Amino acid sequence: MKTAIIRKEHFNSAHRLNNPNWSEARNKEVFGKCNNPNFHGHNYDLEVKVVGEVNPDTGYVMDVKILKDLIKKNVLDKYDHKNLNLDVDDFKLVNPTAENIARVVYDNILNDLPEGLELTIRIYETERNFAEYPA
Amino acid sequence: MKTAIIRKEHFNSAHRLNNPNWSEARNKEVFGKCNNPNFHGHNYDLEVKVVGEVNPDTGYVMDVKILKDLIKKNVLDKYDHKNLNLDVDDFKLVNPTAENIARVVYDNILNDLPEGLELTIRIYETERNFAEYPA
Amino acid sequence: MKTAIIRKEHFNSAHRLNNPNWSEARNKEVFGKCNNPNFHGHNYDLEVKVVGEVNPDTGYVMDVKILKDLIKKNVLDKYDHKNLNLDVDDFKLVNPTAENIARVVYDNILNDLPEGLELTIRIYETERNFAEYPA
Amino acid sequence: MKTAIIRKEHFNSAHRLNNPNWSEARNKEVFGKCNNPNFHGHNYDLEVKVVGEVNPDTGYVMDVKILKDLIKKNVLDKYDHKNLNLDVDDFKLVNPTAENIARVVYDNILNDLPEGLELTIRIYETERNFAEYPA
Amino acid sequence: MKTAIIRKEHFNSAHRLNNPNWSEARNKEVFGKCNNPNFHGHNYDLEVKVVGEVNPDTGYVMDVKILKDLIKKNVLDKYDHKNLNLDVDDFKLVNPTAENIARVVYDNILNDLPEGLELTIRIYETERNFAEYPA
Amino acid sequence: MKTAIIRKEHFNSAHRLNNPNWSEARNKEVFGKCNNPNFHGHNYDLEVKVVGEVNPDTGYVMDVKILKDLIKKNVLDKYDHKNLNLDVDDFKLVNPTAENIARVVYDNILNDLPEGLELTIRIYETERNFAEYPA
């Protein structure tokens, strides 16, 4: 049976929800106050779960320091204290909903993860709204 | 791969654990202080997890505002500031343990959920005791 | 300068807010859903703060084990898994608002506290509503 | 002795820290990543503490429903899902640091508070950075 | 479909990470400050999840009081206010990483669990680092 | 009126409670399981509160980055992943109770704090036991 480790990090960003193919009225109707053209923001909490075999020499699935560095490079350095819509290439064409952020973070970190490990991303937009990918 | 969204809500209710087919002594033995005939109560935290495909136009598995309304209609309006045993039809014949509340909430919300979405309910009776359905 | 220690405990109780000198209509108007005659309930969190000099031999303001016992005797044994209105003498004539619970707990614990120590009580009815006595 | 009640609310906003009387370089030096011209954001948690005498008829310092409405009118309706710098008059000339938000919220709510009550505001910018006014 | 109940407990222990087959330099390189020969410590939070059928007479997957007793016997009595490396037989030959603690706790509790129930262990070393077994 | 800012940090340490002037039996009687000669440990949470005037140019009582550096130098670099009794000079002659840690941290940070600012330290040994200095 495999074991999981989970590392929790956070970042603070501005964002708005908007579909550029829709009219202003349609965007306002669907996204409500999240569509505010001047943006709003969140303290995002991020949980990165890595599943694999425990290395018998270290007792680790993966060294958490290495995982921290992967998260820093792939998420915090790019998203923290940024405007997700304006400052981050990942969301130039992708609407920064919690669902989409979870999938984008998954793709970014998976790229750098050692082979043989499985990954799940959970992103908290607020304490009451969060998303997980893959489910 | 699918994506999950989770919405967290809460409600405050009175309840007691009791099996009407048992003697008072048997109920007291099994349910202990949870059997107090004058009730006790909890701040219940409820997590509703919905799994599905992300709509490419919205970036949503499901609009959280719609999910909030489903939870309000099916849970909060019926349970909040109520006595689960005396005021709520769902528990007239069902012992309001965390396990049973999770299943009843699942059945209620599933009824109203758009097709093609999967549902999981987690209910926190306290920070230290919680239940999940289906597991 | 003095030092404070704080001990956090919790209890789960049913209650309702009601003024027996008022009409049903007036009670409903003032206390709203908290007036439900069948009760509702809470996971109360209680913080007991004791201020005094640090004993140079122990490094303690007061042994937390002794403080725990005082809280158990004066609060948990009387309120936990009880109906505050029906089961607890302290609230036979006192409306169990957070403000009144804080003052009653203060009076009860102060009675048993060694001389020379100051006491403050904070009671969380929910994460979002709490009271402190004395302020 | 007086009693306090505390009500916790939250709002999600974008902001940046900037002094318009300073050069861009000076602003960047002092405010670092908080000066990002495209903004970042936070889930602000707000604690409003009101101190007064307990009304013997209600057991309330003040009806929390009334306090909630005061906070909604003076804070949530103006700040939630807004850009504090661009959308909110309160911060047209005031740098939206946690310290300044605390003072501005204090001034706004105090205006509407019944006489004879004292007010303290605590604002959490993150779980790790918060401010209180008056101290 | 099955139901899960989860019980959360905690314990406070000292530990260090070390592989006795490695040189001091190698241990320091791999485990960093967690290798401190004089130990450091944690407030461990433990979540024990038990999955099974709900008993129709009780509404319980398993009586939480019984589960609490199993956790007390198999974990708290052995680990709380102890040095995991020096005081606990379970870790005489096993490096007390979060991953290994999760597996050892799983093996210990499973031994005592009634047949037909499935078990998952989650152990929080800190709020930001935790492990789960089986994943 | 003055304003407070609070910065929260954490560190993980081993410790034991012991008075070297007492017999082993007396120490065991007074400090119980906290006296374990092989140590136990905690995830300490530390809140540093600084009270002063808000600088009108920055909107800051004090730059939190500077406060973070003061805490790092005076607390984290000395206590994190250490054994308070064996590795830290501050506790060579001082019993590391929460009360004493709060006072020692106060003395250390005050030394480096700009003049005119007031300081309060809150230290959480667990979520349920914490101390504050000065009270």
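Of note:
Lettered A, B, C, D, E and F in written order, each chain numbered from 1.
Heads up, the rule we're going with is that a residue touches a chain if its C-beta (ideal position, glycine included) is under 8 Å from a C-beta of that chain, and two chains touch if they have at least 3 such contacts.
Note that the coordinates shown come from a computational prediction; the quantities given were computed from them, not determined experimentally.
Identification of common neighbours of chain C and chain F yields D. Ranking all chains by how far their C-alpha centres lie from the centre of chain D, first place goes to E. Centroid distances built from C-alpha atoms place B farthest away from chain F. Comparing contact pairs by residue number, the interface of C-F is reproduced by C-D among C-D, A-D or B-C, since over half of the pairs coincide.
Distance between chain A and chain C, defined via averaged C-alpha coordinates, is recorded as 41 Å. Our note on geometry: chain B versus chain D, Cα centroid distance of 34 Å, whole angstroms.
Averaged Cα coordinates give chain A a centre that lies 28 Å from the centre of chain B.
Each of the following residues of chain F touches two or more other chains: 127.
All chain pairs in contact, by the document's touch criterion: A-B, A-D, A-E, B-C, B-E, C-D, C-F, D-F, E-F. Touching chain B in their complex are the following residues of chain A: 17, 19, 21-22, 30-32, 94-100, 102-103, 127-135.
Those residues of chain B that touch chain A in the complex are listed here as 1-9, 49, 51, 54, 57-61, 63-65, 118. Listing the residues of chain E that touch chain F in their complex gives 10, 12-15, 33-34, 36, 38-43, 80-83, 86-87, 126-127.
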